[in-house]
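A, B, C, D and E are the chain letters, set down in written order, and residue numbers restart from 1 in every chain.
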Amino acid sequence: MKGLELFTTVTYAHFLFLSFVLFALGVLGVLLRRNLIVVMMSVELMLNAVNLTFITFAKALNQLDGQIFVFFVMTIAAAEAAVGLAIVVAIFKRFREVNIRFFQFLKG
Amino acid sequence: MLLSLIILFPLICALVMALLPDRRYLHKVALGMSVVEFLVGLVLYLKFDHNKTGLQFVEKILWIEDFGISYFLGVDGISIWLVLLTVFLQPIVVLASWSSINEKIKGYYVALFLLESAMIGSFITFDAVLFYLFWELSLVPMYFIIGLWGGERKIYATLKFFIYTMAGSIMMLVANGVMLLLAKETLGFYTTSLLDWYKIRIPFVGGEFFSPQTLLFFAYALAFAVKTPVFPFHTWLPDAHVQAPTAGSVILAGVMLKMGTYSFLRWVVPLFPEATQYWSWLFIVIGITGIIYGALMALVQNDIKKVIAYSSVSHMGYIIAGIFSLNELAMSGALYQMLNHGISTGALFLLVGMIYERTHTRDIVKYGGIAAQVPIYTVIFMIVTFSSIAVPLTNGFVGEFLILLGIYQNRPAWAAWAVAGVILGAGYMLWTVKRVFFGPAGQVVQDHGLHDLSQREILVMLPLVFLVFFMGIYPNYFLRLFEKGIIFLVENFHNYQLFSQITEGGL
Amino acid sequence: MVEALLFWFLALVTLFGAVAMLLVPNPIYAAMSLVVSMIGISGLFAFLGADFIAGVQVIVYAGAVLVLFVMVLMLFDLKSETQAFSKGLLSRIFKVASVGFLLGGLIGVMVLEFSWILPVFMQSSPQWTMTGVKKMAQLLFTEYMFIFQILGVLLLVVAVGAVALARSRGGTHERA
Amino acid sequence: MKIVSLADIIVASPLILLVLGSLAPITTKVILGNREPRSFVTLMEGAVALVGSAILTASVYYLLTARGSYFAFNDLLIFDRLTMVTSVIMLISSVFVLILMKENPSSSGYGYAELTFLLLSSLVGGVTLVASYDFITTFLGLEVMSLPVYVMIGMGHDDRYSKESAIKYFVLGSFASAIFLLGVALMYGSSGTTSFEGLLKLGVEFISTNFVFLMGVTLVIVGLLFKVSAFPFQSWTVDVYQGAPTPVTSYMASVMKVASFVVLIRFVKLGYFASSTPLFELIQWVTVLTILVGNGGALVQQSIKRMLAYSSIAHSGYVMLGLMAYGLSEYSSSEELIKQNVLFYLLAYSVMTLGAFGVVSYLEQKEGAQLKVSDLRGLGRTRLGLALALSLLLLSLGGIPPFVGFFTKFYLFIHALDQGLVWVTVWAAVGSAMGIYYYLRPMVFMFMEEPSSNDQAGDASYFTWKPLTHLIAVFFSIVVITIGVFSRFVLEFIR
Amino acid sequence: MSSELLFSLLIFAPLVGFAFNGLLGKKLGGHLYPGVIASVASFISFVASVGLFQLVSEQPEQAKYLVIHAFDWMQVGTFRLPVQFLIDPLSSIMILVITGVGTLIHIFSIGYMAEDPGIAKYFSYLNFFLFNMLILVTGDSLPLLFVGWEGVGLCSYLLIGFWYEDHEKAEAGMKAFIVNRVGDAAFLLGMFVLYSHFGTLNLLELNSLAPKEAIWNWLDPITIGTLLLFVGVTGKSAQVPLYVWLPDAMAGPTPVSALIHAATMVTAGVYMMVRLSYLYTAAPYTMIVVAAIGLLTAVLAATMGIVQWDIKKVLAYSTVSQLGYMVFACGVGAFSAAFFHLVTHAFFKALMFLGAGSVIYGMHHQQDIREMGGLNKRMPLTYWTFMIGWLSIIGLPPFSGFFSKDEIKWFALASDRGGNWIFWGLAWVGSLLTTFYMTRLMAYTFWRDKKYSADHQPHESPWVMTVPLMILAFLAATGGFLGIPHAIAQILPGHPNHWLEHWLKPVISLPTIKQGITVEYEWLLMGLSVVGSFTVAMVTRYLYLNRIDLIDRTRERFEVIHKVWVHKYYVDAFYQKYFVENLVLSSRDLWRYVDVGVIDRLVNKIADVTKELGRGFAWLQSGNMQNYAFITIIGLIIFVLFLFKG
């Protein structure tokens, strides 16, 4: 597979590639972003990327299980987001702060 | 059951102490209990059959099946003496603590009795894991004795003491594991019984350091060398001694250091005969270095306890060099010297403790000319000093003589260096005596009206003084009984066949 | 060819949303970008034939979760938020480089494994149509019954937990 | 079509009981009109549920599954001895955590019912985790176990530390989950299965032939190592342990750690750790560094909890040593023995760490009391029993005989040596010698320093009386001796 | 009486005396009891030794000894060391001398120490010394001998430092012990060497196992062993280079100097060599060394004796010198001569020391001879007894010193074990020097005009002190007849033989006369000695009484030599500087730089480094959760790299 074919024929590799890039972007978000909520959104993005991977594999393997996993992951991700936001809200209410650098009291 | 009793009784004592309220009468209770324990030891001694080789009073109960670890006790001609030394020193130490320990009496005696139990345990157990258990367990009460009733820099001293010895014993732990596996490999079953281990033939390649036997040898040797302590690992000792209360110093010097040397005899030599023989030169060198080095260090100390502590290093050098001379003379001498050192150095520490109670200083510079004030004290101190510097007719001479003769048999040229210790020993001890007791009256005499030993204190010292002379004049009483214990270590120490015959019933 | 165009379109949308989320300083915009990305992903799901999941993706993620985020952000009212990234240029470079490395690793591994470089079959197999949803439901309530139930517990935890957190000391609805 | 059978339900009955039991406190609270029920009642409700669940687990194991392995819910779960033993350990440990919570200032009082609910829910996840036989269940278990804990930490009554701790744990935890999940996805994609059974059937060689699978395994391992706080994924541990309310910390250090390690045990069983694979070499390094980092970091800590957190990292390293031996010993006669000893280690560590945190919890007089080691000054004078208990526990943690910590460590060392892991064992031993220093330091302060007049530990009347916590501390300190010396009975149970 | 009983009396009488005085002496109080008890104990011992002597003499010629076995001391494997005592011709004389002279000195001490508060302690030490000395000479093996050897050293230490409040006296005791220890260490080694070679340390067995032929080999065990033992001798018998302690030892009470540092203890080394005569003769190289050291000591000590002002120091150097003669005699194989001189020296030197004690007592503890003078009038008894001692030591017939010294000088030339004219010449010069400084002493102390101040009138000592003096004077005067030289014996009626030589014959190795040395030589030497000594004595007396200016001028002329002599050839200073100070300083450095500086530092450093490591880990724990995530990613990458490297 060379040249133009790379663009014309969509392979599983394309999907996986995409999902890995999304995952990497999510990781970057976690590593770099300043805002706690955006960091959490980046985690969501990572999970989404994994979902995409799952679906791709499910398609390739011709199995439904992969889709079921995605279903579970989505639920869990939603739950995580809810809990995370609850914590963030609690924190914000108390400290008026969502800068991730703010949380450096525990160290050493 | 006698051996279990001798370990358990101090534990029970500790428990009883813990339950009684913290009052002064505990001193008396402790004394009574330690005397009872001494009597138990005496019974053990009387029932001991000196004509048999091998273990007696054996108790063996399988404890942890998976690894063949057992509760395995027994005494032979070597260990019984150390048990006796321990139970003998205990009442003395208790009696000596009557006036020096005035607070936290309860905790003190609990620690002391726990310590006694652990030390006896390490002498009479023939199971590696049990041994390690007692070995480590003895650290904890000593740690507290120094740390709770010690001097100003006690924390530094305790940590140093504990970590030094721990570092050594961790090596032993790993080596124990390896031995256990070797047992499985060669004997076909997991066992930690020392008698079984004696049968293991461990591969040995002469000059190669990284051969199994050599590595194991050094792992154990390191652990014991730290405890003994042997020359480059000795620096914890002066600190620990200086900071420890009198009883702590006495037990430390009297018994705990013997755990190291005893273990050399019991573990290193028979388990790794080839490595022992191959590396004996190293340990003789270390021992002799220790003799001279310790003496030189003792020469320049200004703290009486440090002088004695370094003299311990020197004496331990004799013992190590004696053990690794690998002949019967030197080994008997080493064993004898263990007992001697327990008595004479113990006595010295007791004496220093007594004067410290009066003057609250150990700085030699502040002393001088106290002989006129405390004649009885002086006489006893001199006697013990002469024992320490091995004047004939005291116990010290017998040990040193046999050791030096033994070293000479093995390595003549090196014995000359060891003998230098005889000179230096006289040098530092007599110089100390001179500075403390003789000359014009020093500062402490002017500051405090010193009073001579009380009857209790004389009572503390009398048994020790008696033993100094008895062991010096009639050593054969002991030496004869060592023989059965030593003989298989020496004559046949590269003969596995014989070791495999040493079963619980004797040859 | 059509599939290819569709794929590239969806892929670009998704990537655009993700990159935008990463780069824009304003968290609200970031959330919006994430919505775009998620819708793109949903499209990809559909493209792969996972219609039901695609729907769920739009509803749950783009609909519910992101709305939650946006609501919280609006609650905070972060007007002053001008800086996107944490401080430290050097560490940023290192971080980007390391993530690049990781990505390279992932892709490299994938490329090494030739079985994935197969074209995606566009004609959907029977399993993947609407009857597929039924199948899925069946799976969910038989084979994966346990997980389904446990997820119920999880949701309860989230519900109670969020409330408890809000009402605990320092929470939004702290009791006096 | 695979249908859930009655047997599955029965096997899962401890979980069901747990879920139902977890509802009891909050239901009570609702019935009382949103007033906090008496904490003792809540405690009893929780404890009954936990103990009942434990009994049920044991009975299910002994009566129904006939002491064998039972695969429930279409191989999603496995109920074998390992599951039973670890579940019981976790459930019973949790009772003690509940007690600590009841008396700790940062978790007692208002919200205790919710905390109990969350704890029990987390245990649902935990038990699922130890029973999981499929990576999907594993992931689910991890999440269900962790999520309530995020909340529990966040609910800590002090603001500063518990919130920071919660957010850190949350962000890093979900970050690691995502990595773990990607690993599962890659494994799934390359092998077509996520169940342990399927992977076993696939064979060990698969990992060396399929790179994607290897990558998946790597990511999964990273995720799991993160959970057991192995180097270099240990960073979160210390901060979170320190900031979380002490009872929650003790829960994380004992129950959650046990559960995570059980997954690793099962994972090791897949055979990817067989010798001479790069993975194996890697884990050796990880083990050594974990031990050194844990012990080294603890050396310089002032905060007790932080020190214990570092020590927890070190202990993870020791367990990993055992795990490696376990991995190497496949199909050899000692395999079961090693597993048993690893479990024994985990059990012992749970006991020790619960006891130690119990004492810390006792000493905490106000929310967010960040106790320093120096705050223990003179405790031997004022609270001798407590000081002695802490000493015994610390000595046990340090691996000094005859306490249980020694035996467990010794066994693992032996197994590691047996499997040829000599240099790792030597380093582990070195680490353990380092450990002695910081385990002794609190004792120095307790016994050898005089209480200073204005110190909180110095004034005897300062302490509020926490009978149950005190009881736990003393009880565990006795336990560490007894199960050390009489380990046979414990080992019998674990076998 | 059986030998065991007599021997027990011999040994235990002083021991009981020691114990009694040591434990109860202070409680009894009074100044008389301790002395009387100790003297009685000593006397009982003397009686017992007479009895033993009698028993020995009754033994048949081939086995002229008694062995008393007590118990086994040490027994380890094949090494067996019984506590066994040997009374043979040699030791029987020794015990007679020890207990006899000892008793006299005990009695003398009753008077001398009467006013000292520590009198009980003093007498207990003295008794204890006797006990140890008796062990030394009766022990039948080297280790047993060593017991006594160290025991007497211990007593010497205690008695030198008897007045311990005085800093210098305590120091002197310590110095004596430590210097002796140097010798003792070598002695120990010597024993080891001999044990390894012979497998026994029994004295009789050693002598009988010694090869009959001389072994000319430096590295032979016998040579090495005997040399090492000889190092022990140089310590105990104050030979070069270890003689430095003896002059300092004069810090002790004067009777102690008489007993320990003149009559008995210091001769232990000579006794030991005589004991092992067969062994020594088998090692000719050793003999050469012994002879050289002995002669060197004899001459050097004499030169130092010339410049001393302290009456006891003069006697001390004289003792060293005379010990040198004895050792020298051993070195040329004349063991009987050495022993003969040992006996006569015990008599006359004890006499002179006690005389000096009496003088000091009379002079109210004044020891400087420049402050004395004219005492012959004030203390006539002391003077006349001292005179006999003087005559004896300068070797004028018929006093005892003449016989023994002459015999040594005779063998210096005539012995076939290395006798020659040079040895004789040096010995002769040495004896003339002896005459010179002893005459000087006499002149200063007795003959000169009085120098003491009026309010310190010297007085004659009480009878407890003078009676022992007189007895000793008698012995010093007549002791020589124990060994009448062959030359004289030939012209005497009945040809009395050399009794001592005959008596010792069964136990010691006797030298033979070199080829070509005839009896005329003996007459010649004798004449030279007597004439020389007499002349020197007369000239010296004249110079010191009439021409003191000449002496002073000479001294100024040879200031350098004088200075060297006064400073004892700088040997003490050398030891002090290069051994003691260096040892202490380097030990201090060793302690500071090695013990504290390296070992302790290393240990602490390891701890510090470990802590630093911990700090490093803690530093990684920056508190920033993004960093944590970053570390996680880095770890992940490392994992991936590691796993995919293959």
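Operating definition for what follows: a residue touches a chain if its C-beta (ideal position, glycine included) is under 8 Å from a C-beta of that chain, and two chains touch if they have at least 3 such contacts.
In this text the structure is predicted, and so the values were computed from the model without any measurement.
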Neighbouring chains shared between subunit A and subunit E, ordered by label: C, D
Given subunit C and subunit E, the chains that contact each of them: A, D
Chain whose Cα centroid lies at the greatest distance from that of subunit E: C
Chain closest to the assembly centre - both centres taken as Cα means: B
Chain pair bearing the highest count of C-beta contacts: A-C
Subunit A and subunit C: spacing of chain centres that average the CA atoms, whole Å: 5
Distance between chain centroids, defined by C-alpha means - subunit C, subunit D (Å): 31
Whole-Å gap between the CA centroids of subunit A and subunit B: 66
Between subunit C and subunit B, distance of the C-alpha-averaged centres to the nearest whole Å: 71
Multi-chain contact sites of subunit D, meaning residues that touch two or more partners: 136, 140, 143, 147, 150-151, 154, 159, 163, 167-168, 171, 175, 211, 214-215, 238-239, 301, 437
Overlap residues in subunit A, where contacts from two or more other chains coincide: 16, 23, 26-27, 30-32, 39-40, 56, 60, 65, 72, 76, 79, 83, 86-88, 90, 94, 100-101, 103, 105-108
Multi-partner residues of subunit C (each touching 2 or more other chains): 86, 95, 99, 102, 105-106, 109-110, 116, 144, 147, 151, 154, 157-158, 161-162, 165, 168, 170-171
Which pairs of chains touch, using the document's own definition: A-C, A-D, A-E, B-D, B-E, C-D, C-E, D-E
For the subunit A and subunit E complex, residues of the former touching the latter: 27, 30-32, 39, 100-101, 103-108
Footprint of subunit E on subunit B - complex, ascending: 160, 163-164, 232, 234-235, 293, 296-297, 299-301, 328-329, 332-333, 369, 371-372, 386, 391-393, 397-398, 401-402, 404-405, 408-409, 412, 415-416, 419-420, 422-423, 426-427, 430-431, 433-434, 437-441, 474-476, 479-480, 482-483, 487, 490
In the complex with subunit D, residue positions of subunit A that touch it: 16, 23, 26, 30, 36, 39-40, 43, 46-47, 49-50, 53-54, 56-57, 60-61, 63, 65-66, 69, 72-73, 76, 79-80, 83-84, 86-88, 90-91, 94-95, 100, 103, 105-108
In the complex, subunit D residues that touch subunit E: 167-168, 171-172, 175-176, 179, 211, 214-215, 218-219, 221-222, 226, 231-233, 235-236, 238-239, 278-279, 281-282, 292-293, 295-301, 434, 437
Interfacial residue positions of subunit E with respect to subunit B in the complex: 71-77, 79, 143, 146-147, 150-151, 154, 157, 161, 164-167, 170-171, 174, 177-178, 181-182, 184-186, 188-189, 191-193, 195-196, 583-584, 586-588, 590-591, 595, 599-600, 603, 607
